[in-house]
Amino acid sequence: MTDWNAMDDEDFRQDVRRFFEQKYPEQLRYPLQRLRWAEIKGWYLTLAEKGWLAPNWPVEYGGMGLSPAKFLIFLEEQERWGVARTPDMGMTMVGPLLIKHGTDEQKAYYLPRILRGEHIWCQGYSEPNAGSDLASLKTSAIIDGDEFVINGQKTWTTLAQDATHIFMLVRTDPQSRKKQEGISFLLVDCASPGITVRPIANIAGHEEFCEVFFDNVRVPKENIVGEINQGWSIAKAMLSFERITLGSPKQSQYALGRLELLAHQRGILEDPVFLDKFTALQLDVADLASAYARFADVVRRGEALGPDVSLLKIWATETYARISNLMVEAAGAAGAMGGKIDFGAAQIDVLGNFYYARPAPIYGGTNEIQRNIIAKNVLGLPS
Amino acid sequence: MTDWNAMDDEDFRQDVRRFFEQKYPEQLRYPLQRLRWAEIKGWYLTLAEKGWLAPNWPVEYGGMGLSPAKFLIFLEEQERWGVARTPDMGMTMVGPLLIKHGTDEQKAYYLPRILRGEHIWCQGYSEPNAGSDLASLKTSAIIDGDEFVINGQKTWTTLAQDATHIFMLVRTDPQSRKKQEGISFLLVDCASPGITVRPIANIAGHEEFCEVFFDNVRVPKENIVGEINQGWSIAKAMLSFERITLGSPKQSQYALGRLELLAHQRGILEDPVFLDKFTALQLDVADLASAYARFADVVRRGEALGPDVSLLKIWATETYARISNLMVEAAGAAGAMGGKIDFGAAQIDVLGNFYYARPAPIYGGTNEIQRNIIAKNVLGLPS
Amino acid sequence: MNMNTMNESHVDRDDERRLLKDSVRAFVERTGGASRARALRRCSPGFDRSVWREFADLGWLAVTLPEAYGGLNLSLAEMAIIAEGLGGAVAPEPVIEAVSLAAGVLSHAGGPLAEAILPQVIAGTLIPALAWQESTGSYSPDAVATKVQTDSQGGLSLHGVKAFVPYAEASDGFVVSATDACGLVLFWVPASAAGVTLTHHRLATGASVGRVTFDHVPVTEDNRVASADTAARALGLAIEEATVLASAALVGLMSRVLDITVEYLKVRVQFGRPIGSFQALQHRAVDLYIQRELSNAALADAIKELSANGNSSSAHGAVSRAKARCSDAALLICREAVQMHGAIGFTDEYDLGLYLNRALVYSAWLGNSDHHRRRYATYWKDRAQGVAA
Amino acid sequence: MNMNTMNESHVDRDDERRLLKDSVRAFVERTGGASRARALRRCSPGFDRSVWREFADLGWLAVTLPEAYGGLNLSLAEMAIIAEGLGGAVAPEPVIEAVSLAAGVLSHAGGPLAEAILPQVIAGTLIPALAWQESTGSYSPDAVATKVQTDSQGGLSLHGVKAFVPYAEASDGFVVSATDACGLVLFWVPASAAGVTLTHHRLATGASVGRVTFDHVPVTEDNRVASADTAARALGLAIEEATVLASAALVGLMSRVLDITVEYLKVRVQFGRPIGSFQALQHRAVDLYIQRELSNAALADAIKELSANGNSSSAHGAVSRAKARCSDAALLICREAVQMHGAIGFTDEYDLGLYLNRALVYSAWLGNSDHHRRRYATYWKDRAQGVAA
């Protein structure tokens, strides 16, 4: 078995790059939307076969066991080549969760099934009245004999229609004094009776989110992760790494490249007014990439990220939105046309970028929440 | 005596315009800062002699008795010609206040002295800890026999060093339940023992503001205006007209003209990038002028202005600030030079505009307060 | 209110306009507002022909057309009220596109074709489209590659490709701009003419926009709407008017989006408080409100200027000012509305997406804010030079 | 820390830099920070010569100069630490202007004049100034109208007017750019030379900036610093370095202003609450913080690129990126700081004005953000063409 961490960084990068370039399907590069299971399944299984599905899991659980530094290289190459996200909640969330907090039985049962592509997980956090204020969630799980009985509703569950399992936060103690207490972490089979999944189309016409309804869904007691009523602190600890991936400059860099191509095709790249706006965005992206690299160094050194990492998510998503706005403007009369549009030799999906830039400042903790975090935990401003 | 209101609007406008053009000192046109008494006294007395000091006071009190429509024409011509504000608190605030709420004795004593240029008034509202939160003012006035005894401090008092009198809000009932209650309106002679005036220089180097200290200052009881502890509602009612004058487009129009001249002299008026920014500001100013005209129509019809007038102050002051920012940028290497700078044939005070644009969003109720007003009283958003 | 009776009444103009506004609002409420747009999108022809007939009955298709053709000869201000009201309900019927723009060109050009076609437009039985832009997307009426060719027998034919023709698939005929040896000409070509082919593209709203190919389409002098200066004037004025009406539609839709958003801020509770009590959101909402008010002001000026001074450079300036402000404001308000709603604002089943898409369409149509800022600068430079000269 | 001992120590580079940072901070705290700037402004020469000598003793005037001239031969990164620290205290001494820019040109050019002058600069006994810009304000080193003329006897003289020379009144001599028959040349002219006259203008900070007239100033070959490519390279590189250091000073001052403002938001109470608890102000403060962090990131890249790649187009790109970001961010943060303070922020006795003025000076100096965005675009286009070729 290869000890990846022993490899020279550059050699490792070349290996990863070669694999992506050779094996990743060309037509799936840089998708604007999340791909459905039917589209991405082949790639998922290719990764599984290679043993590369779970780069940052320890080797003993079937992962690559990459150090933070190597894992970042892996992610960078993935983004560089425009490799789509798989339904990766099993790898990014459930695996690390179980490795840290799971019982031996849970690990033995679930982890291999994730790596075989047998279990596809989705995340049941948000509820209709618990969005930014996630801790106010109401979906209840009441112990009845050897089982929890779940009632309630989750929403904005990404690709639940493709998932076989859902890991979710539920309220197990409705009497708790603080809303953050009394929340537990449950693993649930989506085939359980009483679960209904309703896809929600977004404004781009894709069914990326779902509502998931729970009507007396019975789940074995041993499906709890960690202690009862301790789910909130577990969930919170898992969010830290997400904040740096949401702040990656790659999306903006890719969009900037499309914008450049569009402007070139329309003959306005040399137009001084356009060029000035474009240059300002180039600088925004370059500075983002540079700030990102500084945080990535922290991860690479194996240190914990501070609350200041929230600035990446704010700047990355708002920069992407500005780029997509300029793309609409630069398209001129074609700026309202849906789908891929012919600009001379190039086909560009102007509105696709515009639409996908919309939710970016919302998901993963809205930018308002991120600003609150910096105001309180970095600047020390009072509540 | 001329019945101005009977005149045709255009004839009236021509009369006013002619007077300003003939009599107003050329070197005092469009001053960036407020003029000191020594500079503006001559013009003040010219206006007094003409009987035009108090355009909107009723004729019986020595004013011109202009209707709202005619008064707006008067103001428009004043702004068009760049006529400076005189120390006009006597005319704009004290006069209307006394005419509405004053005793016969107060009217008989004060009004003629204002019109003769004998009494120059300043406004004592703000305190070090009562800025945006004006109603939390603490300067106390305690009745002792036939007098009030004032102790405390006012600040940001414009041109107090030139004033003979100050009209001020004081706390006469420290026990009142709500902070807005227990406030009274007093007229005070600045020559009273115990008053100290300390001018404060601003970042442009001018002493426009003062601190005014009150140390056992004794004021006759009859110097109160209105009922005791009713000062807040009187003061509030007086602010409504201020909000439209603070929203006038004239300052921005003038600054835009200077910016155009600067750009012309520097040869960048045809530069597409500059021109694009300049055009955006032209549109901002044109739309401001148009919105202003809609509110002016309300005044002209003699109707009360709603809370939506706050939008003018926000947009006017922030547009002026943006123009002054672009002026600094357009000046290039000369953008950090103080005072008037030679740009070919023209002399332009780049930083003067930049400095004077700074406090504009602050005074007359900060733009944050104005936004709160619109949020609550126009959009009906909850507290 | 049926507008056909409007001329005869003796109420004053303000009251008339208030009644018209109420009438549009009543229609919108009765017919279900945005839900109608939702039901009709991505279908062909993308709007409701029975509603179109209702518009005809209400007189809305006749507002600005001259009495000579059976029109009401009312002003642009009345038409703007209709555009704003329909914009607020994202009504999909191409009133501005077919009536104000395409029929507007015929009306300004006058002549036998106007006499023949406009009464049918007013009756709602014929829907015209204007085919003027080429695939470069230029907004200059002079940038015409489409040609009228004369064959050896003196027969005429029209040859070229027109792009960005809204609702081309629903149109009964096209007013086509082209050039012949003498300059700009306008021809009327029935959609069914030989050599006319359409390809469609979907706009953000789901409505179709056509690319119309005229492949040596035979025409006669009877098809000629106008030539040279008359053609340029008619085309230019109708485009200005349609631009103002698109601005009015944008004002209508941004107002509705602002209302929806403010309402959501009041009722949506997070952290135990309505989110509209959070000051950061309040101030953002206020900034949107200010943009709406500025849009209103700019629109009113454009209506006034264009009504008073026709195809003048000061009118062009005012029109560009309005279109630039309204386009930017509508897009800003829609984008911010999505942000302030959170995830629900991004769902297809919530109405915001319909408004956002309409804002995209009308802000791009007839020139986006970038285009109109540049045009304003040209107008301003011309004026400055005129003053200097 | 006395930097003269720095080369000899064995602590690693990061520790060295931390020590240097502490040393600058200690100096600033000991000498009263912004109050010193307040006391010295609008006086001549606008800074403290005894502090200048102290800088010399600390080795701060020797940091980037080569050991051959008695310098420490440390990197731009060390100098940036000093610039950032002094910027945070609005220290008025012209370290960047005289040492990094003017002496920097001499150092990069080398030769007998460098040998003669630089040791005096390092000792703090001679203050040079660079006179390179003309009154047009162009930032192109080639845009030179000043000429070296040869009279009939072969005698040389310098003729022209140089503008925007910071601290000219305090300078002992000028490095002057001019052209002769062969192109760009650099001459050293003592301030006392016949034919040299100064006029002053006050900058926003109160410091003076000079316009230096060279009226047929006789020079000899001994005055020649460099010619042609050597001159262009020395001038170009020193300007890039000074631009990065001005960016570092801007980072220092914006950080201090952000600190002052955040502190004020915590202690200023209105409506019974610290104003820093109002969410609208919190979010504005966060946006300023983000700009500061981006400035930090851009600055670090520029230091790295310029140190690694010298006078290359990728270094130019990184330098322009840093100067554009830092200039905009510093001005934004200062302007917003004034707004968030309310009236007190506009008073002369509060320190903010000192920082705002310094931000104005350093953001305009060596090209404002508009200039550097345009230069970045040029760099990027060149690179894109290079890639295509």
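Residue numbering begins at 1 within each chain, and the chains themselves are lettered A, B, C and D in the order written.
Everything below uses one rule, namely that a residue touches a chain if its C-beta (ideal position, glycine included) is under 8 Å from a C-beta of that chain, and two chains touch if they have at least 3 such contacts.
From a predicted model like this one, the values you see are computed outputs, not experimental measurements.
Trainee: If you average the Cα atoms per chain, which one ends up farthest from chain D?
Mentor: Farthest from chain D by mean C-alpha position: C.
Trainee: So which one's got more C-beta contacts, A-C or B-C?
Mentor: A-C
Trainee: Quick one: report the Å distance separating chain B from chain D, using the average Cα coordinate of each chain.
Mentor: 41
Trainee: Counting only Cα atoms for the centres, state how far chain C is from chain D in Å.
Mentor: For chain C versus chain D, the centre distance works out to 55 Å.
Trainee: State, to the nearest whole Å, the distance from the C-alpha centre of chain B to the C-alpha centre of chain C.
Mentor: 44
Trainee: Find every residue in chain A that makes contact with two or more other chains and list them.
Mentor: Chain A, residues with two or more chain partners: 273, 276, 368, 371.
Trainee: Which parts of chain C, given as residue numbers and ranges, touch two or more other chains?
Mentor: 278-280, 282-283, 374
Trainee: Can you name the residues of chain C that touch chain B in the complex?
Mentor: So the residues of chain C in touch with chain B come to 262, 265-266, 273-274, 276-277, 279, 282-283, 285-287, 289-290, 293-294, 296-298, 300-301, 321, 324-325, 373-374, 376-377, 380.
Trainee: Provide the residue numbers of chain A that touch chain D in the complex, in ascending order.
Mentor: Interface residues on chain A, with respect to chain D: 275-276, 278-280, 282-283, 286-288, 290-291, 293-294, 308, 311, 314-315, 368, 371-372, 374-375, 378-383.
Trainee: For the complex, give me every residue of chain D touching chain B.
Mentor: Those residues of chain D that touch chain B are 133, 137, 139, 163-164, 201-206, 209, 269-272, 278, 280-281, 331, 335, 338-339, 342-343, 345-349, 352-353, 356-357, 360-361, 363-365, 368-371, 374.
Trainee: For a test of understanding, state which residues of chain D touch chain C in their complex under the given definition.
Mentor: Where chain D meets chain C, its residues are 278-280, 282-283.
Trainee: Quick check on the complex: what are the chain B residues that touch chain D?
Mentor: 126, 129, 131-133, 136, 155-156, 200-203, 205, 209, 273, 321, 325, 328-329, 331-339, 341, 351, 354, 358-359, 361-363, 366-368, 371
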